[in-house]
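Chain nomenclature is as follows: A, B, C, D, E and F, assigned in order of appearance, with residue numbering initiated at 1 for each chain independently.
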Amino acid sequence: MPEIDAGNTAWVIVATALVFFMTPGLALFYGGMVRAKTVLNMMMMSFGAIGIVSVLWMLYGYSMVFGNDVGGGLLGNPTEFFALNGLVDDVSGGLPTLIFVAFQCTFAVITTALISGALADRVKFGAWLLFCGVWATIVYFPVAHWVFAFDGEDTVGGWIANRLGAIDFAGGTAVHINAGAAALAAVIVLGPRIGFGKTPFRPHNLPMVMTGAAILWFGWFGFNAGSALAADGLAALAFVNTIAATAVAMLAWLLVERIRDGHSTSLGAASGIVAGLVAITPSCASVNVIGAMIIGLVAGVLCALAVGLKYKFKYDDSLDVVGVHMVGGIVGTVLIGFLATSEVIEDTNGLFYGGGWELLGIQITAAVATIVFSFVVTAIIVLVIDKTIGFRVSEEDELKGVDITDLAESAYEYTDIPVGGAKSAIHVKGNQSDKEEVKA
Amino acid sequence: MKLITAVIKPFKLEDVKNALEAFGIHGLTVSEASGYGRQHGHTEVYRGAEYTVDLVPKVRVEILVDDNDADSVIDVVIKSAQTGKIGDGKVWATPVDAVARVRTGERGTDAL
Amino acid sequence: MKLITAVIKPFKLEDVKNALEAFGIHGLTVSEASGYGRQHGHTEVYRGAEYTVDLVPKVRVEILVDDNDADSVIDVVIKSAQTGKIGDGKVWATPVDAVARVRTGERGTDAL
Amino acid sequence: MKLITAVIKPFKLEDVKNALEAFGIHGLTVSEASGYGRQHGHTEVYRGAEYTVDLVPKVRVEILVDDNDADSVIDVVIKSAQTGKIGDGKVWATPVDAVARVRTGERGTDAL
Amino acid sequence: MPEIDAGNTAWVIVATALVFFMTPGLALFYGGMVRAKTVLNMMMMSFGAIGIVSVLWMLYGYSMVFGNDVGGGLLGNPTEFFALNGLVDDVSGGLPTLIFVAFQCTFAVITTALISGALADRVKFGAWLLFCGVWATIVYFPVAHWVFAFDGEDTVGGWIANRLGAIDFAGGTAVHINAGAAALAAVIVLGPRIGFGKTPFRPHNLPMVMTGAAILWFGWFGFNAGSALAADGLAALAFVNTIAATAVAMLAWLLVERIRDGHSTSLGAASGIVAGLVAITPSCASVNVIGAMIIGLVAGVLCALAVGLKYKFKYDDSLDVVGVHMVGGIVGTVLIGFLATSEVIEDTNGLFYGGGWELLGIQITAAVATIVFSFVVTAIIVLVIDKTIGFRVSEEDELKGVDITDLAESAYEYTDIPVGGAKSAIHVKGNQSDKEEVKA
Amino acid sequence: MPEIDAGNTAWVIVATALVFFMTPGLALFYGGMVRAKTVLNMMMMSFGAIGIVSVLWMLYGYSMVFGNDVGGGLLGNPTEFFALNGLVDDVSGGLPTLIFVAFQCTFAVITTALISGALADRVKFGAWLLFCGVWATIVYFPVAHWVFAFDGEDTVGGWIANRLGAIDFAGGTAVHINAGAAALAAVIVLGPRIGFGKTPFRPHNLPMVMTGAAILWFGWFGFNAGSALAADGLAALAFVNTIAATAVAMLAWLLVERIRDGHSTSLGAASGIVAGLVAITPSCASVNVIGAMIIGLVAGVLCALAVGLKYKFKYDDSLDVVGVHMVGGIVGTVLIGFLATSEVIEDTNGLFYGGGWELLGIQITAAVATIVFSFVVTAIIVLVIDKTIGFRVSEEDELKGVDITDLAESAYEYTDIPVGGAKSAIHVKGNQSDKEEVKA
């Protein structure tokens, strides 16, 4: 039996815990950005994704992604490792296979949770849970197979990783472009919040947003450096680049705001952090620190400008999933074609380091394929859910706030007056908040 | 001069503001409140146990108006805040002896 | 008796309290509010998009005073809350029929 | 009609609500406030340094009542809010010219 | 001298930090659930436990738990490792002994802190600190010896671990059942909060509750997977099960609410998470992923129903320590008797895998012994403290809120008005908030 | 090529992530302590430090600290490792050099961020960013070289570490005394906040302060135990001492408050935690657990008393950077001279363990040198920034709250009323909040 390397395993266990912690971090990041009357619903979308996607992952998701390919590099065999069958004592690459299962589980969870930012304030929690299960199954699991499943000695993996040969170290395509494209499809199908474009929908708690961004950054070290699957020089490189690119992206976003609006904001800092993290995700193991800073700079500037576009195009990507994750993911994926350097990744050079156009073409192909597949299939899923059980809450419930109407809770009750202002709740029996009102 | 005070449902504030604006009222003061009246005694479930909770979130709007606008403003509020369900709130008028604008010290109608 | 209500800029509260104290007013009630009047329609930029936001944070101060102090108190408030820029707020007086101190049950001027 | 306004200690709200209910008052509006009167100038220690802080948390209760209930309601509030220590608060009555129920548009006593 | 294994040590160091972080996580979880006027007192109970129990642990607690048995498997020798005497260069099981000391310290701390949830809103901070010291000494240290101290080559350990031979991987008995039974004793002795059963005592900050639950989950990976004391396959198994059981428990709790009350809540999600974590604690290394999901399901459903019982039995277990930790701990401990499988744990099968009734009997014995000892001794401790220095605050202080009356602080001051509403404080000199009022 | 030790590398990677997480923890700790109208500015000072200092560190900071000495042990060669030149595959001490780069980066970041606590509520964000860059470059990088750069086989390091031979395991001098002295200089130059000494400036969110303190403690395990640069017995010792000293310091601070003011506070607990952590930082690897507890005790008591001094001396060290970090750093650095014991550190004994006065003298020299250099240079930096671009905001902006005037944001918007109370913002176009007011 192959030996377990305790050092590498130690790091991957921790990395898994770190990536796991990102989804609650996302819940805070997103939760702080919505209004006080919808923060719970927002956070619950992330927690719900943890619940549903983890369970499906353990049952058949891991198998769909890392099972032997069933044809064309499109999908792994869902029954091969059903319920983690046969993996208890398995070891691969010096790691207990189960920790790899857990590591990859956290990726599936957060990718699905990311989409919720586009659907703030207006969807039913139950419909969201259904969406999570369906989307993970028919969008994420296939795409993750394409990108993350490498050919083995006698197994076949996904087409992007092996046939196309695109570089995506930690998931610029499978995670960020995928979630961003799905978010775009979902908002186009579901439509904007009431008042979109007229009211600013300001964040109700910016320290919460910043805390969320910080937890994301913290956890992202597990995401990027953990993707080395070893405590080695590659992990160290990914770590350094995850600091460098993100620091620059934050500063770049702040600078854009300063120039355009006359002042920098904390929301800009938090958004810049996420933009930088997204862009360095695919590229952290193929560029040097200067390359990382350039990626951070481009991501910070482009995403800062991109998040304004939704007002022009009139789609209510409420918390900027498209502007940050899709745009940032594309930036990172495509810039590899320019900035990859054989200094850090064997035999590979981007355009700026004397490589040819081929790598760039490959990277663009991977990005485009992900966008098209994710966009189309997500649009169909959302449409079907909406036409059957209904995805959005009623107009009146949206105005009252989906926390009270859908969860029968309200996030805050700060005053001594048991119910004061919009901060506190009327927890009514049953899920219709008007029940008691109609009996009048 | 009169002070019109309205206690309304929070999600109706935007409508009331717009209606007052349309009527020609260009100043008001808003604050948080809660209350009950007939909309008394919801049953709330918390951890499987039932409770009666009486206070419901409201918003209070105060508008200083000329005596002869008072009635119409009350009407404007009623129309714009109405959902027809209980808990829509109250609006009332109280007499005001004097008003001043802090910035200039002007008094009376000029201060509005 | 009169109730003087003042809606002022939050950062002026300290000055107003001190001025009232100096004048000899030793009791008041304060609460949060927001409002607009002429100070209407800021342009606010959020994520590169512009919005008009109307409500501005204010503080409401309420002071029960003897009839003959009412005018002077209004003056004291105006002077201490004034910055000269718009949005300085309003101050008004309403008649009060009865006042009581909860602790003792005393009524009228004694209750202040 | 009268508007009874009471500024009381927060932890007495429950008692006041119950007492009013018992008296037959079935509607009121509550909001947060703070204030000072004789209960002025606590010494507060922060990080070893002493400060005088004047404002104390209070709750404001507003009750619209028929003219002839006004006095009794004041009494009910006094009795139920009293702890006998300073800071128990004030209660006062102001005249109301008109009241309306938003839901129905009813005016006057019917609107209560 | 035995060699240190750096890989295993790396993981145990991190696991220790993770478990340490759980107690502040608990402070948030509990703190968010109480009203704004008692949140600081609630959090301070956790922080106080960190202070007192850590110090006692270093002085004599470790020795009482892991010192050579003084008789009957009931207690370790308190002087053997007094003040960690002689442990500086000690190595055991490939780990520096000091990191094991620290790892186990964090268990003692959180177990004690767990109890505070039952005493919300009504106890003196000073009395609580005293309770922490006494309870850790005469309840936790003995029980931890029973369960965690394994026989060595020439040392004798605790009776549950060695004589009885119960399976408790990470502390279902010593930690959760123990804390839950203690909580039950404490609330029965001290009585309910004023208004219990009449007012709902709603959480003042649900995002805080969810954040706390997330930190608990994050830290619990250290708790469970760290209990392998190595970065190996067992740790990986514990990790996977800690995801699977918890995800299912959360979903199960949400479903119970949906069916019973008509809506799911964020408080339910947070509670379900903790219930699942508790139940998988003893069992995470003896069941497969399907077993873990079943444990999560049972824990989620039973705990969701159990937390309602306090209203029937009229004991004010304010934040559901009994309903979640005692019930969840029993579920996890007892289900091992059904679900343990030789697929993951050598030569051991529960009833469902063809094992006999013996294991079940052993597990039940361990649970019952812990409950009885903890309940009785805790009741005595609480009674004695209450009759001597007094455990509860005065009725008026309880109504005003124990933050202001006991800590002379208030948690929040959000407004520009220096003191507005119940959120802000009158920090009076001395600890009687009425001092200035009586001088009137 | 030297071999990478995966176990040690695993721990240092994680330790780096933990220390990184401390700066957002600091942002919460500080942010909760200011008023609601300045919390974003406070947090942004920490986030800004992450941005600026990380970038400079990668470019030339690492080289200035760990490059070969350019003379007198005062400074490393800034060009040697410019932009981490040549470090990609480098390995030293069994670790990939890049992870050491990242580990030390997080130290530079937090040291700079610490200073912001002294400047609460009153400085321009832009000026702060400039200060970060200049201060890191001409104060931190040199001092870190003095203390952290050890002589190599053919390289020369800093004078404090090598010539003087002071013991500073994790940065009592370079980090805490340095930041504390800088804070003192800055507040003396910039002057107090309006209202200092008259209004208490109470924390607006104490649970946030406690959360921050908890994250700091959590991260500090990486700071102290990570400074062993290996997963070994030294790391374990540092870990245990980081629990013990801190627990005692928290209890000591609470006791001082209890005796002096009649009640303990949560702010005291949080402050005591930080004081203990600071004091054990230099000393965690040279004292035993009893020594650690004594250090915690002294730090807890002295810092609790020290934070009151600012009112006597009339300097507005707003969030007690001097009283906690400078005083605590001195306590830890100097007590090594008394409490170091050959039981844990070879051939070294403090006065209490029969060592001579020499060690004490060395420790004091290191502390004094750091204070003098940091104080003088920082005073000059602050003065120059203030006289050129201006460091403080205008008086009116300070009264209105620097969040709204400088960032055009406000932290909280809890009510349904789009702008209610001081919690919410007038986000005006441009950075002058009065623009619209003057057009009247």
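Basically, a contact is a pair of C-beta atoms (placed from the backbone, for glycine too) under 8 Å apart; a residue touches a chain by one contact, two chains touch by 3 or more.
The structure presented is a predicted model; accordingly, all values stated were derived computationally and were not measured.
Student: Between A-B and A-F, which chain pair is linked by the larger number of C-beta contacts?
Tutor: If we tally the C-beta pairs in contact for A-B and A-F, the bigger total goes to A-F.
Student: Is the contact between subunit E and subunit F built from the same residue numbers on each copy (over half shared) or from different ones (under half shared)?
Tutor: different
Student: Go ahead and note the Å separation of the Cα centroids belonging to subunit B and subunit D.
Tutor: 18
Student: Per the centroid of Cα atoms for each chain, what is the distance between subunit D and subunit F, given in Å?
Tutor: 49
Student: Approximately how many whole Å separate the CA-defined centres of subunit D and subunit E?
Tutor: Whole-Å distance between the two chain centres: 43.
Student: Mind pulling the residue numbers of subunit D that touch at least two other chains?
Tutor: 10-11, 30-34, 38, 44-46, 53, 55, 57, 59, 85-87, 94-95
Student: Quick check: what residues of subunit F touch more than one other chain, meaning two or more?
Tutor: In subunit F, 5-8, 10-11, 14, 199-200, 202, 205, 231, 261-262, 267, 401, 408, 412, 414-418, 420-424, 427, 429 touch at least two other chains.
Student: Going by the contact rule set out above, which residues of subunit B touch subunit E in the complex?
Tutor: 44-49, 51, 53
Student: Per the contact definition, I'd like the list of subunit F residues that touch subunit A in the complex.
Tutor: 4-11, 13-14, 16-17, 20-21, 24, 27-28, 31, 39-40, 43-44, 47-48, 50-52, 54-55, 58, 83-84, 88-89, 91, 95-99, 101-102, 105, 125, 205, 208, 231, 406-418, 420, 424-425, 427, 429-431
Student: Sort out for me which residues of subunit F touch subunit E in the complex.
Tutor: Result: residues 5-8, 10-11, 14, 18, 35-37, 199-200, 202-207, 210-211, 214-215, 217-218, 221-222, 225, 230-233, 235-237, 239-240, 243-244, 247-248, 250-251, 254, 258, 261-267, 269, 273, 288-290, 293, 343-344, 401, 412, 414, 421-423 of subunit F touch subunit E.
Student: Of all residues in subunit B, which touch subunit A in the complex?
Tutor: The touching residues are 10-11, 32-34, 38-39, 41-46, 50, 53, 55-57, 59, 85-87.
Student: Flag every residue of subunit D that touches subunit C in the complex, lowest number first.
Tutor: 2, 6-8, 31-38, 40, 54-55, 58, 60, 70-71, 74, 77-78, 81-95
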